[in-house]
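Labels for the chains are A, B, C, D, E and F, by order of writing; each one numbers its residues from 1.
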């Protein structure tokens, strides 16, 4: 069976809705500093928007937004941004994830930490989005026997 | 921190859990699980855990629910118990 | 006489390693039998020479010691060539030379398969036996004891017949269980006394334990080493293991396995528990009873066997218990007799097994009832057989007489007339089950063996050598290797240390 | 057992019941999807326990409110369990995802998700 | 640089290389294996250096993000952790060398995610070893568990079912652990192990604390497959692919045992706990049951890997016995047995892998004596592994049992001593069965028509290739060498691990 | 299986009931995990977070700061868990990953 319906209203609606969800998701990621939200929630919402497109438009056409084979590599990239931030501070003489060793000029210690948090939230968001979409794609691989 | 509210929601939660486990129609069970997640998110909210509530709402009611339904479409929808 | 001095020396270790080192060489030259047998003989010769070089210092009460490294808290892997160890090692390595030569004739005569495995296991087996001989503490002893168990297994199942495989299972079942009991006993010993070192005259710390503890401990030890020594309820593997090729039986019964067992019994009695502890708790009585009943029962069972090798096996069960008996007497002469009997029985029994093997190779007969008249076809072989039979029965010119004589003396010293009676009766029984074979061989007429002659020189020469050796040992017990002096030393070490 | 004790602990009892329900679902249900549902209930109950342990009377959400002036720990709910539970939720989603993948894989091979039928077909 | 971050480096190396593999694998799928092997090879010297440093200068602590211990997460490398980290890296290195050919035969087109998962599994293991924080341990536990489910799911036809059962029970286990941690946190207010260990003596009488301990031990017991909680193990290990089972069987349960040690002996004080809840005694008695049950079940198996899996249940029982005795000698025996069993099981599972690749099966009933000439070296390794499992000197297996027996006698646990020895004999029976079948011809049964060309059959050489044989033989050799070196290990290494409370 | 799981459930329930009697009341502000100092004088993490979070990372949302800074390594682990799950799914389900 295929979950993509070919209802034009649905397609249009989801196409219209998706950018807004994505915008909101980005807001959630970056707003994590001030209110509820953060990388994980934002990433999950981003994934939800992609899933919305996949569900309504069908995987073939919505692949333009996020390719099927990207799941794990982009997930790895997201996690690598996180781990790389830690590694950077480690290489610059600090402990792992000791953000005030980040090489950003003209920032106070607290601001450096804030920047570090932002950096890793982006990484988390990317990873979560990619992986959740990847899991969905894997499940949708179809019921062929093996 | 509302004592009565928490307990009431907790009882709802318990009921949702039992229903989700009892329903033979797995699709209905999956939807009930989403409801369960949503109620639990409400309880987190009542207890002041806004971040957790937000996450649970996005994940439990959103992603997990969608995945559950997709999986059920790919497999069988009925359960013997 | 009793003040032992130790000096560091690598010779005990080398003596063990030389045959282990020959294993890979034997394995490599699997396709070239002559080279392979050359390695075996070379290792055997080298081993014997090494052990022999330890003899003078052992006689001078100087003990060569190889202290390797710690293997458990406070316990080193230590090899110590004391008088008893050198004594046993001499027997083992000396007879290995004879067995090797004989084996070559035997396996080639029968065109056996898996000859490489056979010689390799043999070499490994001898390494383990020397390890048992030189072990300076219980843990080292147990390690080599278990290696011996495993390395003997391929020899027992060598023929790979269902019978041999069943025998192998039985062998492993008995010896592995015994090993487990021994390990438990050893662990208990370590916890209770804090040491596992062998000491002439036994460990003092044992005397402070409660009687129950000592008795249980001794029972476990006796069971642990008693399986290999084939003390009566634990002997069943030995006749079954007769499925092995004859040189293996010769090795098992005369040298390596069973002798390691009785060697272990004497070690435990003399160097772990000590005469004083044993007599205080009345444990030597138990040993006497067990040994005495084993001697009589085994002799009776030997009567009933028609298979030559199985009859020899039951005879072995009986004769091993002579050694146990000697150890249990706890008197100087008894100990000398028991210890001497290790060597004497080894030489005599190996002759008998060599004979049985020669008969099998040439005439393909295993049953005693089929041996009528074989003495004329194989006079040398059967002559040696007769000599060794007489020895085992305790007839004077052969060395069996000497050890029995001392055992009898020991029994009289201890005032136990029952033991003397047992010795006499068993001597008669021995004569009773061996001499009919000799009689059949020489005096009964049969047409069976007209076409065959003497076995190949590879087999006859070692056989005659061993027979001559045991005869000369009977005339002059101290002749070649000072066995008698060594036995005296051992008895003195054990007894004097406990009665200072 | 005073009323205060009941008031302070009734949520724990509900959580205990939820844990039991979840565990029952995981162990006793014969349908593999039901087991997964049970697992979700079980994990939610654990999360609920942590969150309940974090709560404080008369305290506000753990977002610093400048209007409150000084920062007194008594004014804010314990943030640590919340953080831990964010992680736990994510872990639970991940586990569920793996469970889904296995479900699909099992269904592809055996065409059933019922444990009894499955055991029969595996022979 | 390396020294300052020592506790973190091994898990971090695994993590980062696990993340890099899918990225590079997108372009060059063939790079997955070399990268994974390189990562494992790189960690061995680090882990070795870590052990050296810890032995030299005592435990090394590392604060992540520079936040001091109860505030932030702490990594602690103590003798036990560094020793087991080294063990994990060495064993996994050998298994990975072995895996090169095996994995390309058993799941050829899945190299990239497979090796990435292997590294994640190892990262989880090493993280568990190094962390000093109860919740962080849970996170690493989940990483290794999830990777473990994935690795088990790749195998024969029934592997997803075993993996699913493993997942459900594993989730129960980690859930219990998380709940127990919750109880401890609510009662003590801290998640740092050292901190909790300091607070606990004052609150040990609280029911919630004891319940937390019981929950944690039960949960970890499930992951460790401690006896009555073992039921997922035989299916999971026997249906997983050769590489997966060779990785999981020696290491997975050992890591569980490590966590048990960490919690029972380092966070809690066993003597104080024992006065309130007889938890160590219960573990010991259950383990004793596990030794007998596992051995008897192994006796009944017809499939080599399944037999090994049940034998694992029994061997974990030995470790549990040593821990349950709660005395230094028993503890020494348990730690030594963790080491020995990891090596023995790795060697035996590698042999099983060789059999699977070369013969296509590992069914005991279908083996015959030709195997000993077709695969002489593999079979020799099998014999050495079997001797060690039985516990015959001078192999390594003897010495761990020796210490266990000593511990049992020291504490007058006569039943346990009996069980340890009896277990050894049962081991002898079921391994001997295989060895006998492989080396000796059996004339009875339907397989009578062997030797078609008149008795002198031609045996072709089917020995595994060098990359598979070498690790197998190295492990077998290690079993012999470690037996002789065991005293060195006990005096120099394990002696320092014995917790102060014993 | 039925009987054993019933026994397991009963035992588990009894354990939870036993444990709940000793837990601090729900919402009790004096619970050990809320204190500024533990019984042995080590700093209480939660109180420290509430006091220091804003100053340490210029962010009012304490949970975010704890998540990404104080206990950032946990979050790395969490991301890895998610990544692992994705990897497992593609390993199991993808035909040619």
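Convention: a residue touches a chain if its C-beta (ideal position, glycine included) is under 8 Å from a C-beta of that chain, and two chains touch if they have at least 3 such contacts.
Since this is a predicted model, take the numbers as computed values, not measurements.
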Inset, instruction - Enter the minimum step count from chain C to chain D; a value of 1 means the two chains touch. - result: 2
Inset, instruction - Chains touching chain C and chain E alike, please list them. - result: none
Legend entry - Chain whose averaged C-alpha position falls nearest the assembly-wide average: E
Inset, instruction - Report back the single chain whose CA centre is most distant from the CA centre of chain F. - result: C
Inset, instruction - Would you identify the chain whose Cα-based centre sits farthest away from the centre of chain A? - result: C
Legend entry - Chain centre separation (chain A, chain C; CA means) in Å: 79
Inset, instruction - Would you kindly tell me how far, in whole Å, the mean C-alpha position of chain D lies from that of chain A? - result: 24
Legend entry - Distance between chain centroids, defined by C-alpha means - chain D, chain E (Å): 29
Inset, instruction - For chain F, jot down the residues that touch at least 2 other chains. - result: 16, 20-21, 23-24, 27, 31, 33-34, 45-46, 49, 60-61, 63-64, 67, 69, 71-78, 80-90, 92-95, 97
Inset, instruction - Provide the list of chain C residues touching at least two other chains, using ranges where the numbers run on. - result: none
Legend entry - Interface hub residues of chain E, defined as touching at least two other chains: 15, 19, 22, 64-65, 113, 116, 135, 139, 142, 146, 149-150, 153, 160, 185-186, 191
Inset, instruction - Spell out the part of chain D that touches chain E in their complex, as residue ranges. - result: 19, 23, 26-27, 32, 35-36, 39, 42-43, 46, 49-50, 53, 80-81, 84, 87-88, 91, 94-95, 98-99, 101-103, 105-106, 109-110, 118, 122
Legend entry - chain B residues within the chain A interface of the complex: 50-51, 53-55, 58-59, 62-63, 66-67, 70-71, 73-74
Legend entry - In the complex with chain C, residue positions of chain E that touch it: 387, 390, 392-394, 398-399, 401-403, 405-406, 408-410, 417, 421-422, 424-425, 428, 432, 436, 440-441, 443-444, 484, 486-488, 490-491
Inset, instruction - Using the touch definition up top, name the residues of chain A that touch chain E in the complex. - result: 69, 72-73, 75-77, 79-80, 83, 87, 90, 94-99
Inset, instruction - Would you pull the chain B residues touching chain D in the complex into a rising list? - result: 1, 3, 6-7, 10-11, 13-14, 17-18, 20-21, 26, 29-30, 33, 36-37, 40, 43-44, 47-52, 55-56, 59-60, 63-64, 67-68, 71-72, 74-76, 79-81
